[in-house]
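I have a structure I would like to understand better, so I am pasting it below and will then ask my questions one at a time.
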Amino acid sequence: MLTLDRVTKTFRTGTFSGQGVTAVDRVSFGIAPGEVVTLIGESGSGKSTIGRMILGLTQVSEGSLTLDGEPVRSGKEYHRRVQGVFQDPFSCFNPVFRADRVFAMIKDAYHPQVPAAEWRTRVEKAVRDVRLDPAQVLGKYPHQLSGGQLQRLLIARTLLLDLEFLVADEITSMLDASTRIDVLNLLGDLRERGLGVLYITHDLSLGTYLAERTVVLRHGRVVERGATEKVFGDPQHPYTRRLLAAVPRLGADWSDPEPVEVCLYHASGATGDLHELEPDHHVACARLPECGRTQQ
Amino acid sequence: TSGGSSTDGDKGGGTSGGGAMPRNETLYTTGTQWGPPANYNPLRNWDHATGTKGLAYETLFHFDPNQGKLTPWLAESGSWTGGKTYEMKLRSGITWSDGKPMTAADVVYSYEIGKIEASSFHTLWDWLSKAEAVDDHTVRFTFKQARYQEWDFTLYGQPIVPEHVWSKLSDEQVLNGVNDKPVVSGAYTLKSHSQDRVIWQRRDDWWGVKALGMKPAPKYIVDISNPSNEVVIGQLNQGQLDLSNNFLPGAASMIKAHKAVSYYDQAPYMQSANTAWLVPNTTKKPMDDPAFRKALAYSVDVGKIVKGVYGDLVKPADPTGLLPQWDKYIDTSLTAKEGFSFDTAAAKKMLADAGYRDTDGDGYVENKDGSAIKLKLQVPTGWTDWMEAAKVIAAGAKDAGIRITTDFPDQNALNDLRGKGDFDLVINNERQLSNTPWTYYEYMFQLPVQKQQNTVNFGRYENKEAWDLVQQLGGVRTDDEAGMKAVISKIQDIQLKEMPVIPLWYNGLWSQATTGAWTNWPSDKGDSHYAPALWRNWLEMGGFEMLTKLKPAK
Amino acid sequence: MTLTVNDLRVHYRTLRGEVRALDGVSFGIADGEILGLVGESGCGKTTLGKSLIRLDGRMRHAGGSITLDGEDVPIADDRAMNAFRFRRISLVPQYSMSAMNPTRRIGRMIRELLAARGAEVDTPELHRRLALVGLEPDILERYPIELSGGMKQRTVMVISTLLDPSLLIADEVTSALDVSNQKAVAGALVGLRDRGLVTSMVFITHDLALTSHIADTIMVMYAGLLAEKAPAEVLTTRPRHPYTRRLLGALPQVGVRRSEGRLTGIEGSPPSLLDPPTGCRFRDRCPLADDQCADRPPVVEVAPRHHVACWKA
Amino acid sequence: MSTPPQPSGTPTPDTPDKTVGPSEAAAPALTPGRESLHYAVRNPKLLIGLAIVLILLGTGVLGPLFLDSSDPNAYVGPQAAAPDGTYWLGTTTFGQDIYAQFVYGLRSTFLVGVIGGGIAAIVAMLVGFLAGYRGGIVDEILTMLTNIVLVIPSLAVLLIANAYLGVRSVGVQGLFIGLTSWPWAARAIRAQTFSLRSREFVDLARLSGSRTWRIIFREIAPNMSSYLFMTFILLFGGSILIASSLDFIGLGPTEGVSLGLMLQSAQQWSALQLGMWWWFVPPGIGITAVVGALYVANVGLDEVFNPKLRES
Amino acid sequence: MARYFARKLLVYALTFVVAVTVNWMIPRFMPGDPVSAMISRARVSQPEAVDAMRAYYNNLFGFDQPVWQQYLHFWSSLVHGDFGLSIWVFPKPVSEVILDALPYTLALMIPAILLSWFAGNWLGALAARRKILDNTVLPAGYVLTAMPYMWIAVILAWLLSAKAGWFPVSGGYSLDIQPGMNADFLLDALHHWVLPFLSLFLVALGGWAIGMRNMIIYELESDYSTYLAALGAPHRLIRRYAFRNAVLPQITGLALQLGVLVAGALVTEIVFNYPGLGNLILAAIQNRDFFLLQGTFLFIVIGVLIANFLIDLVYVVVDPRTRTGMAGGQS
């Protein structure tokens, strides 16, 4: 179980002056093994920052981030269990080396004792698992491969470890529609193997496709969180609704959502604390006790 | 820009450019002053502006190197009146530039400055006991010990300053003061000065016009602080400079091309002014061994230096190092026997005979105890001719099996090291031509060795017998030539056997002049045989007289 | 009909030979029409957009012609094209974020640009147009760096349409924006057309869903060729080309769970345009392909305004 | 001394790196190396520049082997002779063979370039990589250090350091130069690192258990290798120029011969005034040719590695 | 913006402190102590005299105080504009020596730097415009930047002075002219100024021209240029924008290169025996005049710092990006 408890991240801009940007503000949620949690929010809302904190690439400023009760500490052992795949497959590969170097790095770090031949079979198996032909993709330079192939190589890479959690940060936004679906399906397969996945996106349609649970983020704060059907089926927070409405959908109406006057969210200007509306559905509201909407 | 500070009432006129100083009345010189003129204090014989002594302040006598005689200057006459008393008569009618007459009191005062401990001629009072004015024009000096040779040197070396001005100053100001409003007795007074030059203006009421019948030709003398060689050549070529007392590479070709004149119109072109010595530090192994020093002497290809580096502007030195002007003091029978010359084979043999062998086969001999010999020959950086010469010496030594590397620290650092005895080998030409070879021998043998050896015996060579002989020579009357020769021969015997310093070549009295503005420069041909130099001390050795012989070129 | 493109071929010169990025494309756009141009990455969308306004140094016009309002567009002649640019054909580039001179205030840049093209700035009109895309007039006094991405995007839109061009090419103007901004920008584009500031428009994207909301007609390209072109509604609901179908099939709907209906992508990857295969270029990935597909399928109007290039359609 | 033009690959720190980026899916499948080579052998600037440098390098390295005397400073010939059949470049005032000096001088010129440029490149890389990669306080401090060294006129410092320690050899001289001429390069490398640092492959390397320096040298540096190489070239040329200035004002090595020392002695011995043009012209041409050819080759390289600059 | 300046000022302040400290260390930690040097110059051999002189000079230069006190004292006298006494021109105050030389250096450097910058940028922009120009300006630029300052100086002196005889080879003014504010002197000084100026100007010119040419090419490739071209804007406008934007990095470049240019000026002065700071430094080094060296060094550092600061100011004025973007923390 990966648990975030009131995790906060403040970036300092310049050491000699004490200004800071709070990118993530008291965010709490958890990811259980075998569960996909979708993190949704517009650009700059702090999604990647949360992912990077889970991966230990960014230090947590405040709050606690634990894996099975142990505080997260970046390092070899931790990364054996928790890995990440990032948005831009092209930028994940060092363009001057062959693409399969990412496998070699895993071997160097985690399986130095495995004989080369055996390693090769393992790699080929992992590559086949992501439905790629080893003969086609191994030994090539990144620019000789397509984005979908690269993205899948990255996922194959994580299969070589006894992974427990995977952070997938916008891994599909660079892909065209058809490859995108392939990658998503792959994630779903992994989940079935007991992997916990944090799936970060700003595309809601993709979020719902996979996830059991969804967290909606705005300005670094959680505005709504819960089971995916509840959050998407019955969005309570005006922001969630706006977001949903902004997504262009085939065949659906793309007009503005009805204005949400009942909640004083706009007036107060703050996100407020989370309120458990119903089991597994939390909403943030600044005027919670008296907010008419949430009391329905 | 504030160009320079004008002195005495020359307000306004100083900045009006060339118009104030007609070219045909002005002499442009260079070669003496390194760096901006620092002061006009004749006592600071090492850094005062060119001409401070000689043009502005004067000495009791001048010395004529051609005749080997003192000639009376401020003094009318002087003579030893007893074994330890010397009486000097001052000319009458000499006035300072402020109009006050010069009297015996001025002379006494000037000599008594030496009593100040920090004074540079404080040692004089080790053997002088008293200077007193007998009357307005007579001074009697009484000595603890009569050092005739040295005394003569003092007579034409020591400047006389006006007591009525200087006695008001603190000791500190006397010794270190800038004195930029000098009250002088000489033919020139300070007109102005700036960063790169000092300008002297002739005093038309100078006493010498009447008393000596001499009148220096240039109304103005502008001495330029030494620019670099190539700049000087350029300025000579363009006729901007009249006289350069610099060593100029390629001077011979300029002279041959009639772009400049010098004392001789063929090699060596220059008169000899001083001896360049190779000074080994005799406190260090193996240079404490006379045999090694001698072998070293044999290894030096002076001919190559004279030709290659100097282009035959100079002459190789005699084994005694005595200047040609002192030929008569050289004991030729001794030098025939003990003298040395460039001979690599001989050097090798001497080394081998003395026990210096190449035990590790690197081509260089080792110390007798087997330790490596690594000597460093240092000359000041920027002294290009010496730097080249040092390389030739190192190459010669290498052929003989002595490992010498060259090193070119800056001049003051080297002075410092040299003074402290913290060196292996240096080249030095500290002493100039003078009235007596005694100055050379004092330079070679002076004892006791001090913590800091600033002017003499840099090699810290200790030989009681030799120093006694030098002191004995100092006590010989300067007119007793036979007496001098007898002592000198004994000294030369020690010198040639011990080789405390190795004579290399005679540095020239560098002087190249142009004839665009002034003619009748000294030469071996015409009627002016004076030293064409404004170097310190050389104004008293003919430099000033040279000025009186110049003629404007139309 | 405003624009007619006839068998347009544009190639890129490269070390390895010519990349046939446009290999014979024909279509037309009517007055007031917004044409959505979609297709997988690398299929030649940008190339088409560029061909309509300015070929860059490596592009070569290999054949075909373009007419705008009955007049021939001399795309290969850089000088002659200047008469068309901006006034009749204009562009909102993909790189709108960096399309403005960073060291000029926006207003001044606009003035200078217009002056250079021999036009005057009509300030009230400019303000009105800014307001149309939701911008305050005071951005004219600002430097580009002081605007957000969406604002820059919209500013460039206003600039590009100042001379009321007949044709506006908008190349991936929304792909760098997040959903809310995306919507604002797309809305503004439609607004420009609705107010008649531009006559017709080519809207390039690879987001089918987005195009379906703003385009009148959608054209799907595949590997440098036209695959299918139809009114938006028709294309999204009754596509004929197998590629279009598979593409639509890969789009998840909000709320659709994987457990409920598993979607699949298209196997394989598009062919290299360096040396494209003969015949139907989708053949290798097409489940319907047979021997007939070894010949290049012609573009056929299967229904009014519905063109398809497929033997099986 | 001269103004080293920075590799134009990144004219300003804020220009993103152009050498790497997603290439079009269907782009010709040449590997980056092969493609560069293709352009390299067709780039006249690069070829001409390299040819000159190599010819001069060859002259410096091999030339001395064909000389009779092993000491270029030996007085071998007639004095102050103009170039002729025996002494191709004439002789000095002392009768030294100027051709021999030139050939040996080229050697030390290249040597000081390698040492000075090498050390400067190493320092610049350490500082630039660390500042750019680590960011934060490390960056602030290193940047400040860089700026300080940048603002202090390095020649003045070199003068003092040289006077202080005394330079005996080309090596020491190169060391001094290297230690003062790195700042602009450090800044440039820092900016490059900064833009590469946010590439996701760096994160991926961290997730694969790589440590800072390993990431820097195995991930970041290879990506800017062409840039680093160009930086080195410029530092190399800069070192040669600085060294010649130092030699010229008498702060050069005390042993041996270099082109700068040749110029110095030509100046000291008034070659100009005596009309011995053959003494001061060759060393200057030598320096200018080496440095100029390096710069030209550098532009060529820039064009090779940088698609935007290629002439289509 | 304020932050940007705060940072810059901090760097300047730190640089200044470092420079002053290095400066202070010069006479104290360089081999060969200045006092011994002075004594050995005085050629005094009498031990008592030596001791007396040593005590005197030690006191004069404050070497008899504890080191920290010397350091503090150094700062306080600095604040009062007191750089101590020169050894070389003893006992003239260092500041006077420097002030005498300063006008020459400034007269040489400021026009050379500024004019070469302007002309170089102009030439570079021209080169980017036409192929023929590019093929002539560029190679010439490379040859010029690759030339050692002193060599171009020597060559100019040889061609224009020794051969053609148009200009004097050395010095700041003729021997028979006294410095002063009059036409004779100024004309003569101008005549002497031409060659050193020209050699500085030419070397720097090449560098700027190349830099500008490369920058402009980049700018012409940039998105905004492409956009303007797509809208049919005339080349004139595009080039004008490109030029303006390309000049900005050149301004930064000027700040970066200032130290190097100053160094070049010093070397050039030495070749031409020009009576400025360069010659002063050389003399100070050759004469172990630590105090003069200190003073000159500090003067140059302060000069460079001020110039840098001015350039920074100019930059902020001309580049709007600094005003907003500089808060990001990337200098």
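Here are a few things to note about the model shown:
When the chains are written out, they are named A, B, C, D and E in that same order, and each has its own residue count from 1.
The criterion applied here is as follows: a contact is a pair of C-beta atoms (placed from the backbone, for glycine too) under 8 Å apart; a residue touches a chain by one contact, two chains touch by 3 or more.
These numbers come from a predicted model, not from an experiment.
Path length between chain B and chain C in the chain contact graph, taken as the least number of steps between touching chains: 2.
For the interfaces C-E and B-E, the C-beta contact count is higher for B-E. When chain centres are set by their Cα atoms, the one at the greatest distance from chain A is B.
Taking each chain's centre as the mean of its C-alpha atoms, chain A lies 55 Å from chain E.
For this pair, chain D with chain E, the centres built from the Cα atoms lie 22 Å apart.
For this pair, chain A with chain B, the centres built from the Cα atoms lie 90 Å apart. In this assembly, the C-alpha centroid of chain A lies 47 Å from the C-alpha centroid of chain D. Residues of chain E found to touch two or more other chains are 10, 31, 162, 169, 248, 285-286, 321, 325.
Multi-chain contact residues of chain A (touching two or more other chains) are listed as 14, 16, 146-147. Across the assembly, chain C contributes residues 41, 269 that each touch 2 or more other chains.
Within the complex formed with chain A, the residues of chain D that make contact are 20-23, 25, 27, 29, 31-32, 136-137, 140, 199-201, 203-210, 219, 222-223, 225.
By the touch rule above, chain E contacts chain D in their complex via residues 10-12, 14-15, 18-19, 22, 26, 29-31, 138-139, 142-143, 145-152, 154-155, 157-158, 162, 169, 203-204, 207-208, 210-211, 214-215, 217-218, 221, 246, 248-249, 252-253, 256-264, 266-267, 270-271, 281-282, 285-286, 293, 296-297, 300-301, 304-305, 308, 321, 325, 330-331.
On the chain C side of its complex with chain A, the touching residues are 40-41, 177-183, 186, 206-210, 212-213, 236-237, 246-248, 250-258, 262-266, 269.
Looking at the complex, you find that chain C touches chain E at residues 53-54, 56, 81-87, 90-91, 93, 95, 98-105, 112-113, 116-117, 143, 145-146, 156, 159-160.
Remark: chain E residues 31-33, 36-37, 39-50, 52-53, 56, 88-92, 97, 100-101, 103, 161-162, 168-171, 174-182, 184-185, 273, 275, 283, 285-288 touch chain B in the complex.
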